[in-house]
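Inspection log for the structure reproduced underneath, given as structure tokens.
Each chain gets a letter, A, B, C and D, in the order it is written, and its residues are counted from 1.
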Amino acid sequence: MNFKSDNEAPAHPLIMQALVEANQGFATAYSSDRWSLRLNEAFSRVFETECHVLPVATGTAANCVSLAELSPPWGAVICHRVAHIHNDEGGAPEFYTHGGKILPIDGAHARLEPDAVAALIDASGVHGVHNVKPAVVSLTQATECGTVYRPDEIAGLAEAAHQRGLALHMDGARFANAVAWLGCRPAEVTWQAGVDVLSFGATKNGAMTAEAIVVFGRPEWLQGMERRRKRGGHLLSKMRYVSAQLLAMLDDDLWLILAAQANRRAAELARGIEQCPHAALEWPVEANEVFMRASPQVLAALKARGFEFHVWPGYDDLARLVCSWNTEAEQVSGFLQALNELRA
Amino acid sequence: MNFKSDNEAPAHPLIMQALVEANQGFATAYSSDRWSLRLNEAFSRVFETECHVLPVATGTAANCVSLAELSPPWGAVICHRVAHIHNDEGGAPEFYTHGGKILPIDGAHARLEPDAVAALIDASGVHGVHNVKPAVVSLTQATECGTVYRPDEIAGLAEAAHQRGLALHMDGARFANAVAWLGCRPAEVTWQAGVDVLSFGATKNGAMTAEAIVVFGRPEWLQGMERRRKRGGHLLSKMRYVSAQLLAMLDDDLWLILAAQANRRAAELARGIEQCPHAALEWPVEANEVFMRASPQVLAALKARGFEFHVWPGYDDLARLVCSWNTEAEQVSGFLQALNELRA
Amino acid sequence: MNFKSDNEAPAHPLIMQALVEANQGFATAYSSDRWSLRLNEAFSRVFETECHVLPVATGTAANCVSLAELSPPWGAVICHRVAHIHNDEGGAPEFYTHGGKILPIDGAHARLEPDAVAALIDASGVHGVHNVKPAVVSLTQATECGTVYRPDEIAGLAEAAHQRGLALHMDGARFANAVAWLGCRPAEVTWQAGVDVLSFGATKNGAMTAEAIVVFGRPEWLQGMERRRKRGGHLLSKMRYVSAQLLAMLDDDLWLILAAQANRRAAELARGIEQCPHAALEWPVEANEVFMRASPQVLAALKARGFEFHVWPGYDDLARLVCSWNTEAEQVSGFLQALNELRA
Amino acid sequence: MNFKSDNEAPAHPLIMQALVEANQGFATAYSSDRWSLRLNEAFSRVFETECHVLPVATGTAANCVSLAELSPPWGAVICHRVAHIHNDEGGAPEFYTHGGKILPIDGAHARLEPDAVAALIDASGVHGVHNVKPAVVSLTQATECGTVYRPDEIAGLAEAAHQRGLALHMDGARFANAVAWLGCRPAEVTWQAGVDVLSFGATKNGAMTAEAIVVFGRPEWLQGMERRRKRGGHLLSKMRYVSAQLLAMLDDDLWLILAAQANRRAAELARGIEQCPHAALEWPVEANEVFMRASPQVLAALKARGFEFHVWPGYDDLARLVCSWNTEAEQVSGFLQALNELRA
């Protein structure tokens, strides 16, 4: 009864099968194997445009290799105050950018708003070399609060960024959940809306350990990204095993099927919480994360009954419940039943 | 009629004289000259405790060499949102700390408040390696708004920092102005209040280019600081010329005399502005900086009359007026007369 | 007929089985899973002393996180001129150490010699802050030339290093091959000989992607290493899959069995080459790498017959032939037959 | 009787006079003063081409800001094994380049040779991201051994570098001595020979503390250089004092007059040493440094008589004698007389 994180879920059987199939004979090392060499084409097909793809093993690597290429050391990355790159990567963006700066801003439901972004850019860097230089806007899709940007919202951010010479990066650790929820084509929320580089997450969505940097049509960034990936120690010698996972994810839309499954469970959780008198949803549930307000007593009682989840840092009455591809309907109904049995 | 910055003032004649005197014959290079070798003793005398002093040519060097020693690359430096290290050093702290992070907080009159500092520390780093680790609290004395911390305020910050394992750094670009205004002993607002490392500024106060890192009784930091100074290119071969300026500043309290002079002019300005119906002081004037609210029309008219000052970034009705050791009473009275002649 | 690299071999079936077994249900993220939590004990058993182990996905990560902890940014790492960290990691050590310097030295058969190491240390750093400060000696076991350090050779290096205040790091990408060839206890060539930190390689030896930083009895290094691993993006969320591979490797000495298998094939290759009139061994074959001198014509002819190997950079008559756990006796005999059929 | 270093000499009276003259009234801060604004023109006149000039206070800053702009973090800087950037800057180039690598090579008389440079470049980087990427060739003029590159030698290096996509940097800490000795136009040994960026040294040549980065016709490098200067803490607020020194140096060829004076003394020393039976010149004396072989007994006896000089690291019978603008003929004759009075 684990609602702690989609990072705690196992890999999907089809991923395991792909690994077993990739485990035949020799394969060229360092991303020149035949799985890795198929990535550009596979992603280009899914995104309906020419993509350049660098596989890596972690989302932090995907984000930071990207940000370091998009921002000079004296650059600034604008993101939401709750962004993973700002709070949860232990300073990795600052490490990879060689001392770049993150400028966090607020926005309802963990979403950046174009006006706020534009205002921050316009107010920054006015003193030339005395200031850092805004270089990238990074948004998280789905957000850290389990909400989802609509295509036009992303387009608004892209416009604010591009008009001012900044690039637009998307941290897509839960990109699949967002696309599954929106029901749109992946292109619509990425390059067509102005995203320049996407960190495409698969690990949380049922892979073992596989993420991809997806560059939309700016090949001049690739050399630096490849150098940075190598220098970060993220050019795996046996990269075929990462790439095989990514290919398996894209095959027959497995990535969307798994994400939709997790989203469905989250939606069930949300409906149940809404109907419970002593619990409430903190934010709209649009992906696979549910943020539930309930008294500390209720949260403690749920934990005592064996339900695992994180109480949000800085709060004692806000629980994050994450559904994964393998969260079962019975887990959700069991949780809701327990919740309803408790008193506020 | 320059009120733009104390950085625009010339060096005091006694500083020039010290340079001329230092310019005799050969002297050992790289800070082993007889001027540099006297610094520890001279500062120890002024601060009434054992000091270890590293001369450098810029305040940014003093701040960043210090912060890099006090914070690991994964550390965070807590400072006020308007702090120079956060806004005006072009990312130098992030460069020198190898990607450390600055966590800015608010506080009235540009002053950090112990409770806010304590709360931020306590809320940070709770997720271990996923978060950066607060390592230093850095305060500016006098502040970027021209206000001054009292000894007990500093002690409160020191307590909040030290109890939680953080060091306390003071950016003293205008330290002299603060001490002159407080009328206290330098020890009272530094090590006796808990300051671990002071960036002692002389340049803004009538030196040509001379700053000092003053370490209070923690010699284990020196090796790293000396290495960082060298790697930053701040170990001047002919360091005697920096050290001679610092010694001249400390001799016969020149540093306090010059600062008091600048403060006096600022106080005159402040009094005049308070009496003017179409201008107002934004913050208490406690050092040599005056922040004046007046309509954009008034500010433009003053500029048209040849008065030079900065309109504060993000505002059109807030002027910063800085007095230097060489600001003359006539300049101040001329400014006030012009201000009064204008209509709101 | 691939002799290009042990990086091109697949994972051993027992590794795949371990991954399948680890793929059951939820597991705590970020190295707090029950596989990762068993690593310290498992390695401590194999090395007969208390070990602290940090799993990572690549050898570059293992090496660089270690070196960055053992050397300050102004430090120097002494290694052999052909060392992987100097030539093949794209500057990763310099990135992780924040600008540390590698000081390469020569030595027969890719082995460092204590006298040369001692002399270099003694000659370095004599000008204090003007020089970088030697901080680490890093040796590769087995070496990049396929030779192996004996325990007393390592002890000699350790003495040279430790007496001068340097730490001793071992890049053990092919550590298993070295231990299998020496037939000694792992302790004898590591901590008992003075190694402080070992990069324990499993990937080249039949894992999918699994390496470990093994710290021998210096827990004060762990905090920094954990921070650096995180900042490098090498704290995998689903670390269980890396740790499960490592545990499987140690179980029933799989790591030594696989390495011995690869070594055996290399020894067969070596014997055959020695007997061939138009080929010669460049260096003693002590692990799983064979360096063969033969005319460019011979090398080209072998390639034309479908044998894959690297011609050594800077040479046209030196081939590197690597055997893996899955290199078959028939591959070796086929290669030797083809070699013998060729004319010089 | 100081022959230790030209860094130990005082500033020339005309430099002091320039500082006094610059010390009048207010001047815009941060290199926008009227002295700094004249630098481009003044250097362009001397070098007979459009120059972009960034003043800084130290040679390390000039070198490292330049190298960091010319090389990416994964780049390599090729220089002579005795180069100051490799041996004497405490790792500053590695710090500023964010982990770039220095590849030292040998060459007679501390001079790089085009063939050796070309061979090293051609042998480096052949493995793509696994290797660092040679990005800059840096030569020192005059060299660390007191020899001087002829224009055609520089052109040869430039050709080797440029044909392979590398930039050519000149560390001109003693550039004036080289030009004075060559008797050529400054243009001939810089941009006309292919130098892209020059670190123009004035400090060793009689300034107090003043160096300049001189960029020949590649304005696209300026933005990054200005950012790096700021982040390094080398954008002095009162830059007028550095710029005034540089202008004074260029006025009426003071820089060449002072350098010629120092060279003349060195030549006198060299002639005397050549005639002494128990001493010998180690390298040709072409600038202001003299390297003298003599027995340890002779060197000790000279020191005992009050002559100050450095015994070269790693030797006990090699002395470096440096002449400065203020070295007097009597000092030289006194030294030679003492030398001749000694027995071998």
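One rule holds in what follows: a residue touches a chain if its C-beta (ideal position, glycine included) is under 8 Å from a C-beta of that chain, and two chains touch if they have at least 3 such contacts.
Fair warning: this is a prediction, and the values are worked out from it, not measured in the lab.
Visitor: Any idea whether A-B or B-D has more C-beta pairs in contact?
Guide: More C-beta contacts join the chains of B-D.
Visitor: Where the centre means the average of the CA atoms, what chain is farthest from chain B?
Guide: C
Visitor: Which whole number of Å gives the spacing of the CA centres of chain B and chain D?
Guide: 34
Visitor: From the mean C-alpha coordinate of chain A to that of chain B, what's the distance rounded to whole Å?
Guide: Taking the average C-alpha coordinate of chain A and of chain B, the gap between them is 42 Å.
Visitor: Residue numbers in chain D touching 2 or more other chains?
Guide: Residues 30, 73-74, 89-91, 95, 98-99, 129-130, 227, 230-231, 235 of chain D each touch two or more of the other chains.
Visitor: Please output the residues of chain B touching chain C within their complex, sorted ascending.
Guide: 30, 72-74, 98-99, 129-130, 133, 224, 226-231, 235
Visitor: Taking the complex as given, what residues does chain D use to touch chain B?
Guide: 2, 4-5, 7-11, 16, 19-20, 23-30, 56-61, 64, 89-92, 95-96, 203-204, 208-209, 227, 230-238, 241-242
Visitor: For a test of understanding, state which residues of chain C touch chain D in their complex under the given definition.
Guide: Within the complex, chain C touches chain D at residues 73-74, 87-91, 94-95, 97-102, 123, 126-127, 129-132, 313-314.
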